[in-house]
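Two complexes follow with chain A in common, the first pairing it with chain B and the second with chain C.
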Partner chain A sequence: MKPRVAVLQFPGVNCEAESERALSSAGLAPERVPWTAPAAALEKFDAFLLPGGFSYQDRVRAGAIAARHAFVDTVRERAARGVPVLGLCNGAQVLVEAGLVPATRAGENLGAALAPNRMPGRSGYLARWVFLRVEESPCVFTQAYAPGEIVPLPMAHGEGRFVVHPSQDWSEIESTRRVPFRYDAGAEASQANQGHDRTSEPRMPFPSNPNASFGDAAGVMNARGNVLALMPHPERAQSLAQVPLDLAGAWGERRRRARLAGESLWSAGPGAGIFLSLAYALGVREAAVAR
Partner chain B sequence: MTHVRQLVVRHRALDPTAWTALHALAQGQSDASALARADLWEFEWEGDSAVAERLVAWARTANWFANPNRDRATWRRSDADATDLESGAARMSGESGASGRGAYLVTTWRGAVRSQEHEAAATRALGLAVRVRHGQVWWLAAEGADAEHALHDAGGAERGGLLANPHSQEARVFGASLPVPAMSVHGEEEP
Partner chain C sequence: MSTDGSLLLEEHDFADPEALSQRLLAAGLHLDPYEIRLARERFGRPLRWAEIVCLDILWSEHCSYKSTRPLLGRLPTEAPQVILGPGEDAGVVTLGEHEGKRYAAVIGHESHNHPSQVVPYEGAATGVGGIVRDVACMGAHVVGTLDGLRFGTGERKGGARTREIVREVVAGIADYGNALGVPNLGGDVVFDGGFDANCLVNVVCVGVVEADKIVRSRVPGPGDWAFVLAGKPTDASGFGGASFASTVLSDEESERRGAVQLADPFLLRVLTVANEALLDRARREGWPIACKDLGAGGIACATVELADSGGVGVDIMLDQAHRARDPLPPWVLLCSETQERYCWIVPWEVREQAVAVFNETYQLADLYPGAGASVIGRSRADGTYRVTWGDEVLVECPASLLTEGIRCPRASVRRPARTSNGHHAASAPVTRPMPELILEALADPALASRAFLFERYDPDVQGNTVVRRGDADAAVLAPVAGARWGLAVALGGNPWYGLADARLAAAHAVCEAARNVIAVGAQPWCLTDCLNFGSALDPLVMGDFESAIDGLGEAARALGTEGFEAPLPFVSGNVSLYNQDESGNAIPPSPIVACLGRVEDLARVITPGLKRAKHVLVYVGPPRGDLAGSHHARFAGLGALAHGVPALDLAAERARQRAVLSWIVRGWAEAAHDVGEGGLVVAAMEMAFASADGLGLVIEWPAFAADAGNETAAWWSEEPGFLLEVAPARLPDLLRDGLARDVGAIPIGQVSAENLFRARQPGHEDWQLELAAAHGAWRDGLAQAWELSEEPIGARP
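Right, the complex of A and B next:
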């Protein structure tokens, strides 16, 4: 039997279908659970995915209302027992507002925030492809990637800037290796960025770091690595067909080659590794995964 | 001389954000019985006070601050001026409109209180440098309980409340009246 993954549907989310497709492609059995279901309905699941969108119309702050839904109490309790939890974009905002990540200090309600994007000469929502570097970490969701690998993913958000209170040191998050995905323009930029202490402010300029996120963080996890809040959308890059033809780097090249060679575009895309990592963590053998 | 005008922009109809927040607070055992929310703007300039009239006229037609079909805009120049917030407050009973003593909470995004776009537009329209600050204001009433205390619980940094995330926002609780000005920039860089 395939591991079951609950896709939590709060009113206003809009990425359920592609999230389910990505989970299915990785050999998992997704099931959509609407907000009207009792929290007890979550007990049977092996993992949880909080999809992107605009839960509760982003009222008060993105993710703030959904973070107080009874589902989240169950997710918190299951996460404490090691059950994997993945929040994508608005799902990431819910996890941060619920205090499930970074969960740096015991008993703390909130350990970080996702603030409005900060960009030179403009403000608000930004949708574009960004490049992420996979950091070495115990994160459940990066095990299908090699440390240092560059993963292009699309982002689309207005409040995606990981920050902590000025009195709190961002290095506390870094020293406990809670940043498994970091914005990175690629190999050349990585080299130029060596020796960066990553104590607070972003070092990658816009648009490499598209929102001035502290530490260039695109995703932040809890200490155990089973809860990940990721702002870009891997479910929108689960197959090669979703990679833009003009994208720079190895994945763009792969996409262009496949087109010229007439190869299938429905092979795994750059975002598939996140769902494959989850599948492997839940015991799915590689042969069972549709590639 | 420095002049400040404050603009409070609330929905004419029941504010859905206030209604949702009120019910979320109720689940968390808050004493809140009514809650209202509005966009809060502050305009500050040096020199001629007569600019205020042109500011009001420009803001009404500029389409930057309020949609007259949807919003009610209230100008204030001193603490004594009404905010008109309570008359649009969401109530636990499902009705809108409240009265009695409440307290105010002003929230701003840290480092993003001043708006470059709005300052440029106002400066161009009025012909002098205008500083524009933006935030949100909440008004809360708590039957049989202390409204300020309930607001500290709901939005105070100490408890990481619903109405403000202390990692990204500044939150200031005021008593029965909303001061003019109510927002500060805390050393924020020029936009």
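Right, the complex of A and C next:
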């Protein structure tokens, strides 16, 4: 029996379909759970995915109202027992608002937030492809990548800037290695980015770091690594067909070669690894799509 | 004048149509004396107040196309791939088959010009919402939208006000599409003084549906049907919107903010989820079903059209409609254009189950106070359209009386085309070095990159995107995961040509839209149009309109559908008149055309970015030397030339388009780009900017020049053509096939590893330009349209 993943459909999310496709391609069994379902409906699931969109119209703050939905209490409880939870874009905002990420040893929240993007000469929503660097970490969702690997993904958000409250220190998130994905300069991991220093100041200039996130963080996880809040969209890069034809780097090159060599455009794209890592963690061995 | 909807106006009211017309105008209704006489005659009795309000909307230009319907009939609409042509909410064409299912593409085109001028944010947002619902109500899954924008420069109304409209319109489109989860597939933006008092916001929407699951916008036939209203509670917003869009925007009229509708993408997203659940249920249970979105004319327009086109009448119990708490006159409730609403037709006996999807399964009222579904009507066999409020009768007449519409043939005077597209224009005095001219042109908002605008739109949501807006001349989607085929879509339309020759401008718009989809490797499959013109009462405007119709038809028939003896069909469209300033000066004639293309094999799709050094740059098109209508002619102030239109040989254009598509699909081209605004020099630069590896170009300009002595005209002319990057090994095949097709394909240069643009003549270097500097100017040029400044947009430094 394939492991079952609940795709939590809060009202206003809009990435359910492509998230479910990505889970199926990785050999998992996604099931969409509408917001009107009872929280008990979540018991039968082996993992949870909170998709992107504008849950509850971003009322109060992005993710603030969904974070108080009964579903999230169940998710928090299951996550504490190691059940994998993946929050993408708006889903990431819900996990941060709910304190599931970055959390701390005793589970109380470290006061992290996803603030409005900070960009030179403009403000608000930004949609473009970015390059993420995979950091060494116990994250459940990065096992299919090699540390230091460059993963191009599209980002599309207005409030994606990871910050901590001034009274707290971003260094605790770095020292406990809770940043599995970092915005990086370019196609190849140009300069060594190991041992990211402890300051919160972003090292990557705009647009490499598109929103001035502390530590160039694109994704932040809890201490155990089973709950990940990732702002860019891996489900929009799950197959080669979705990779921009003129993208710099190895994935762009592979997409260009596919045009002539006839490699299937439906083979795995750069984002598939996140879903395959989840499948691997849930015991799936014959993933539907070779990586 | 009573505002009691049921009051029957007295016979004497109709004795003096002129006086009644004035009294109606004071109440914001725009029926002229001729229309009042016609209404009295058709109804055979004095009309009730609510009936007059219905006619004010149903007989408006926006809904009835009264000045243009006979002319629109001249456009070619039939071809084998057309499943549903003009007439329904959107056009439908075949698309492809996958795993035993046949899929069709649905496309619609709308304009929301007047509302966007008055309240830019809401006007633009509701423009997107309206066209999305038009496509969705056909049972289609909406897969993308495009926006064609024309803004002023601020010469007359001030730079700050114009920039505010730019910022607000773009923000309205972005916030709506992004929240709804519909990717933006592109569009275009033009700044010209002619739009200072009247911006244009055209929107196109594309959907996909299984061919045997198309939902029609008419009652399925005789029987006992329930009319279920679903969505936002009806309120007074947007009352009279349609007739507002059909009149001149005078200054105090622009205070009529009430006529602009209010958008709510969050509610429409939830409503879309609920609609899909109802549609699934209906298909599983075998309920015959129909659907129509509520747009112009609100409940009245939607319900009378649903009934009449299904050959039945309907009893509308208006007091059953779920609505906003504050009390509304019933005739406002009947015709208000509250957004985010649909009317569903389901068999009478399952009406409660249909309503339950919205009120219980998805509990809309918890998310938006008062939202949900209510049964507002029941079909009747006798074709009568009857609306009651409690026991008062608001409307009672044959449904066909309201849907019949009205014809107003207009005086039309054709202007002589004043083009000066002589092949060898007078050689323009070359005053400044090319690199300097190029940097200034690339930084001009007319030619700069559009990224500063479209990076505010989500291009990837739904995960179907193969080529994004901005990465090529057209966006490409794989709407059915796993299928080999896909679709492409792009806009075409140049307002400066319209001023010179409306017929040639329209023909160019069709060819430009078709070239844009061909440049990514898609076969042009169907067209939609939005015809934005001035007042229907101005014979010169109607003359231009008629000329544009001729141009659209000529081009669509000339290009044709490859593989069939058929034109390239128009499958849907829109007309927007009364676009002018307060003193009656019409906007430049602006026919805007969208072309949907079919991609046979997604693996063959290409983009403009240069791919590899030492590849050959090939130019396909006429020798270049005619600066008529070019950006350079306007930029360098070349007088008459600036107001001309480049020649268009439709037979050569057809041969060229088919040749280039064939070469791309056979894998003979690595990159392709349409040569349009800014001429060959800007097109070539854009191919270099898009390169993943910072490649450059070396080009010998005499190779494509009509006159070896006129470098400026060669680089900057905007005659139609293509640039292709071709591997040396493929060049002989391509050139030989070009000769066989009598299509001029000329090698004009080479891709180089240096990030440099070098121009040469045989035997010596001419000039060169660092691509990094040029790329910077091009990338940041559009930002000035957002700055807080009184300077006109695009003003010369």
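Quick notes
Going forward, the second predicted complex is superposed on the first by the 270 of 291 C-alpha atoms of A that agree within 3 Å, B and C clash if a C-alpha of one lies under 4 Å from a C-alpha of the other, contacts with A are read in each partner's own complex, and residues count from 1 in each chain.
The criterion applied here is as follows: a contact is a pair of C-beta atoms (placed from the backbone, for glycine too) under 8 Å apart; a residue touches a chain by one contact, two chains touch by 3 or more.
Please read these numbers as outputs of a predicted model, since none were measured by experiment.
Among chain B and chain C, the chain that touches a larger number of residues in chain A is C. Once the two complexes are laid over each other on the shared chain, residue contacts for A:A241 go to chain C alone; chain B is not touched.
By the document's definition of touching, of the two partners only chain B reaches A:V163; chain C does not. In the superposed model, A:Q57 makes contact with both chain B and chain C.
Contacts of chain A with chain B, set against its contacts with chain C after fitting on chain A, overlap at residues 56-57, 121.
By the touch criterion stated above, chain A contacts chain C in their complex at residues 9, 11-12, 14-15, 17-18, 21-22, 34, 36, 52-54, 56-57, 121-122, 124-128, 154, 156, 187, 233, 235-236, 238-239, 241-242, 244-249, 252-253, 256, 258-260, 262, 265-266. Touching chain B in their complex are the following residues of chain A: 56-57, 59-61, 64-65, 68, 97, 99, 108-116, 118, 121, 123, 161, 163-166, 168. Chain B contributes residues 16-17, 20-21, 24, 27-28, 109-112, 115-117, 159-160, 162-163, 165-169 to its touches with chain A in the complex. Across the complex, chain A is touched by residues 171, 174, 178-181, 265-266, 269-270, 273, 361-363, 367, 452, 455-468, 471-472, 478, 481-482, 602-607, 609, 611, 667, 690-693, 783, 786 of chain C.
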